[in-house]
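Pasting the structures in now, so scroll down.
Each of the next two complexes has chain A plus one other chain: chain B in the first, chain C in the second.
The block that comes next holds the complex of A and B.
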């Protein structure tokens, strides 16, 4: 009786926590849309938004440039930041459960070095897609990033058919160092492109368009939803370790492969459009696990919300603090995320 | 993880570099100093001090200079024009643009990661480097300095006067001081032909196109020689209130509503077309009037006397933009 009662109380407080978090996230997004390096009156924002939603003409007393700044530059950027943060955070959560390592992230699997190599190849060969020319680089980054992860998995599987975590982590490190080596070699042999390759890898959310933001939204949402619906139980079991999971009858190999592929898609799409951004995938899942407990059903959804809000805030800082200058958003997430993560991580250990 | 951190450090380093290149006292040079310096440089015939290089490091320049390694294209160009092409025994990759004046088999080096052994094996009397090489605080030429070679660093200058001094320094070091004064006069005379045709036109300078492929928007503010170039033309840099080489947000660039956009982006096929097609920029005056121009990247980004030619080029483009938009208005 006692047990059942505490359980209900816990469930209720958790539900309240979820509702509160989602509301707080909406509020943060509104703040991110509200503020920018260019000041736009609230009334004009509402009128521009209404005009776009209802399909009517934007009132002529609002400067046309202001309309573009709000609707074409700022809105897609805030949304993209949210979805990049969500995607990174969920992929971090899944990798940490999968590898039972609180420091794991899909960057350990070579996604970023692979994506960098893809971008380098496109820049050096000058290859462009016949359609959607502007998407050639992100697409190459995405494909190479995912292929690198598949390579890591294939190699791990060839060496160790049980795909034990240590093997996967070690192979991931080796492959990403190897790919980085190729990348450095290519950029040395083509000094003309070195600057571009670095510029692309550092990345930024500063010129996200609606199309990119929509791609990000669809891919990250579907990826996270897929994990939530089909793999949250399996992730729960995996947290106990390979042996335990096997004993409980979970088909570890297939599950591992699918989860790694999904996380690489999530990370790949965000690296492709926003560059290499660290610490979101470490900080957000940790906070979520501390607040909502280890169950992945809640953790996946909340990681998306927390990671997205964190990223949107980081991007707000990156574009407003030194305005009109921009700070690379990756620098902001690291500056806030690293100390915060260290605090959360060590505070939970001391207990 | 390591890569990630390296990238972040690089990003942070780039940012600090951008921040610290700003030297407020460089902004003083405006059109009047450009005009007066023509006389000033004619009067000033005393050789510059060559006991230190342009970065302030103590150097000992050998009496006779027969073998020169030049690791910056701007320096290589000056050396060639001083008549020293046959003495150049090594260059950086970018200097290969001037290969027609040099030995076709000349060794080429990466200015960021030079092969010091190979440079030493050329036994140069002097090695000219650019500040670019020591980005990150590590001087990659330290082994050469320690081996007793004369390494003269010429950091990227941020003002036209500093560029004049660079040219004179190269001349003084190589025993071609009088010839270097000729190059400075060429620069001054060319600049003198440019009048203030800009009419205060608002100019946005794009060193990168903010689209999917290269997401950031790089431009310059005050405290740069490019700002001085715009000042001479009488055009207004929309980011003149900022300092140094900067990355700015698209929001601010659009809100500034430039009349003319100049770009040095030469790594895409059609930079002008790409800029005209930028989403969200449709209502910017420069885009509406198609006043978007590509300017020769090498001419304006290699700080030597040919900066003056770049000013002539920019002035021509900004003038034609002004007249075409007037026509439309009329």
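The block that comes next holds the complex of A and C.
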């Protein structure tokens, strides 16, 4: 009887935590949309949104520039920040379970350096796709990023057919450094493009369009949902290690490929539209595991929410602190994320 | 035959560990696998549970284990490895329940049967009191008992134990033996019918192995060096050769040195 009671209390407190987190995240997103170079009153936000949803005229007492800032700049940007943060966090969480290392992320596998190289190649050669010119850069980033990950895995497999985690992490680092070397070389040889490449490597959400925001939303949501529905139990078991996971009935060969693919897509699409942004994928999953426990059913959903909210806040800081100038959002996440993460990590170690 | 190995060779990278092994294990047999460090004991367990690539054939109830899906083979054979990563803060009860993975469906939901099996396994392995503790904060022996519970909770008729008592104190080692012996008298219902429980275990302590086994298989340099009763292996000198170390056995009344054991009940 006593046991049943405490169980219910715990379940309720966990559910309350989830509800509270979702509400807090929603509130943070509202704040991020409200503030910026131009403040938008909540009432106007609601009326403009309603007008767009219902297809009616935007009320004439709202200034035209507020309507356009809110609808064509602020809203897609904040939503994009949320989905980038969510995608990066979920991909980090999955990588950490797969590699049994709370400090792993798809960046460990060379996604960022690969994507950076792809972007640099496009910027330098001036190559554009015949259709959808605007997507050339992100697409190159995505393809190069994925190819780097596949290269890391292929090389690891050639060296160690078990794909043991130490091998994968080491090869990932080696390949990352090598690719970054090429990137630096290209950047030095083409000084005209150095600034553009640098901008991209430090991350920015300043030129996000509705289309990009929608692509981010669909891809990150579907990717995370797929992991949540089909892979949360498998990820739980993978934290025990390859041998134990296989013995318990997880088809590790398939699972590894699927997870690497999904995390590459999640990271790739974020890097493609927002550039290279670090630390969200380490910090958000870590905090979520501390609050809700490591079980991936909750952790995947909550990592998305926490990572998304963190990213939206980082973007708010990046565009307001030195306004009208913007700080690269990758620098903001690192400047806030690194000390915070160090604190959380040391605090948990000291215990 | 429950398990049959035909011309099995296996290794890691370029080094071959197991060389042309032929082995048959019947239903309900209790098998002790011994041999010196590096003789291939762990590799043999990995091959039987289908964890690593090998040449030759491994059959379970006449079916090639390579033709079984991982979940299917996990319902027939469970393995307790020497080590397992316990870095994330799962509660003991949640970790043990994950042992039922092979019985869950596509979405991984647990049934009442799963919860009951996990509870029974925790009680049997003496970790029911630890059920709300976090696995990354346990001692080596406690972790080993959690792994044991996960392994038994998997509900397979064949259990492969790789040094299951290496971190356990004298009491839990005795309880471990008692639990395996009780379990070995039982049978398990599988999708291939009722199968008598069959434990296959690696031990380092030959006295413990003696208490456990009906049948002893000694490996040497990746080959089966001896197959029979442990006392015969010691008497004939095969055990000494397998371990490259002089081994003698004494019956309790002839003992000259103190031997620290639980007194007979």
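The definition used in the following text is that the second predicted complex is superposed on the first by the 339 of 351 C-alpha atoms of A that agree within 3 Å, B and C clash if a C-alpha of one lies under 4 Å from a C-alpha of the other, contacts with A are read in each partner's own complex, and residues count from 1 in each chain.
Here is the rule we use: a contact is a pair of C-beta atoms (placed from the backbone, for glycine too) under 8 Å apart; a residue touches a chain by one contact, two chains touch by 3 or more.
Quick caveat: nothing in here was measured; it's all calculated off a predicted structure.
Chemist: Quick one: on chain A, after the overlay, do chain B and chain C clash, or do they fit? Just give me the call.
Modeler: On the superposed model, which is not a single observed complex, chain B and chain C fit side by side.
Chemist: State whether chain B or chain C is in contact with more residues of chain A in the superposed arrangement.
Modeler: B
Chemist: Nearest 10 degrees is fine: what angle do the Cα centroids of chain B and chain C make about that of chain A?
Modeler: The three centres form an angle at chain A of 140 degrees.
Chemist: Does the superposition put A:198 against chain B (first), chain C (second), both, or neither?
Modeler: A:198 sits against chain B, while chain C stays out of touch.
Chemist: For A:347, decide between first (touching chain B), second (touching chain C), both and neither.
Modeler: neither
Chemist: Examine A:185 and indicate which partner it touches, taking first as chain B and second as chain C; both and neither are also allowed.
Modeler: neither
Chemist: For A:324, select first, second, both or neither according to whether it touches chain B, chain C, the two together, or no partner.
Modeler: First partner only.
Chemist: Quick check on the superposed pair: does A:230 touch chain B, chain C, both, or neither? Answer first, second, both or neither.
Modeler: Touch partner of A:230: chain C, not chain B.
Chemist: Applying the touch criterion given at the start, work out whether A:23 contacts chain B, chain C, both or neither, answering first, second, both or neither.
Modeler: Neither: A:23 stays clear of chain B and chain C.
Chemist: Chain B and chain C, closest CA-CA distance after overlay, in Å?
Modeler: 22
Chemist: Can you name the residues of chain B that touch chain A in the complex?
Modeler: Going through chain B, the ones touching chain A are 1, 3-5, 7-8, 10-12, 14-15, 93-94, 110, 112-113, 208, 210-217, 239, 242, 246-255, 257, 267, 279-284.
Chemist: Sort out for me which residues of chain A touch chain B in the complex.
Modeler: 36-38, 64-69, 71-74, 103, 105, 107-108, 112-113, 116, 123, 134-138, 176, 180, 188, 191-194, 196, 198-210, 212, 273-276, 278, 319, 323-328, 330-331, 334
Chemist: Okay, in this complex, where on chain A does chain C touch?
Modeler: It is residues 97, 100-102, 160-162, 229-230, 232-234, 236-237, 239-241, 243-244, 246-252, 289, 293-295 of chain A that touch chain C.
Chemist: Okay, in this complex, where on chain C does chain A touch?
Modeler: Where chain C meets chain A, its residues are 12-13, 46, 49-53, 69-71, 73-75, 78-81, 83-91, 94-95, 98-99, 101-102, 104, 106-108, 147, 150, 154.
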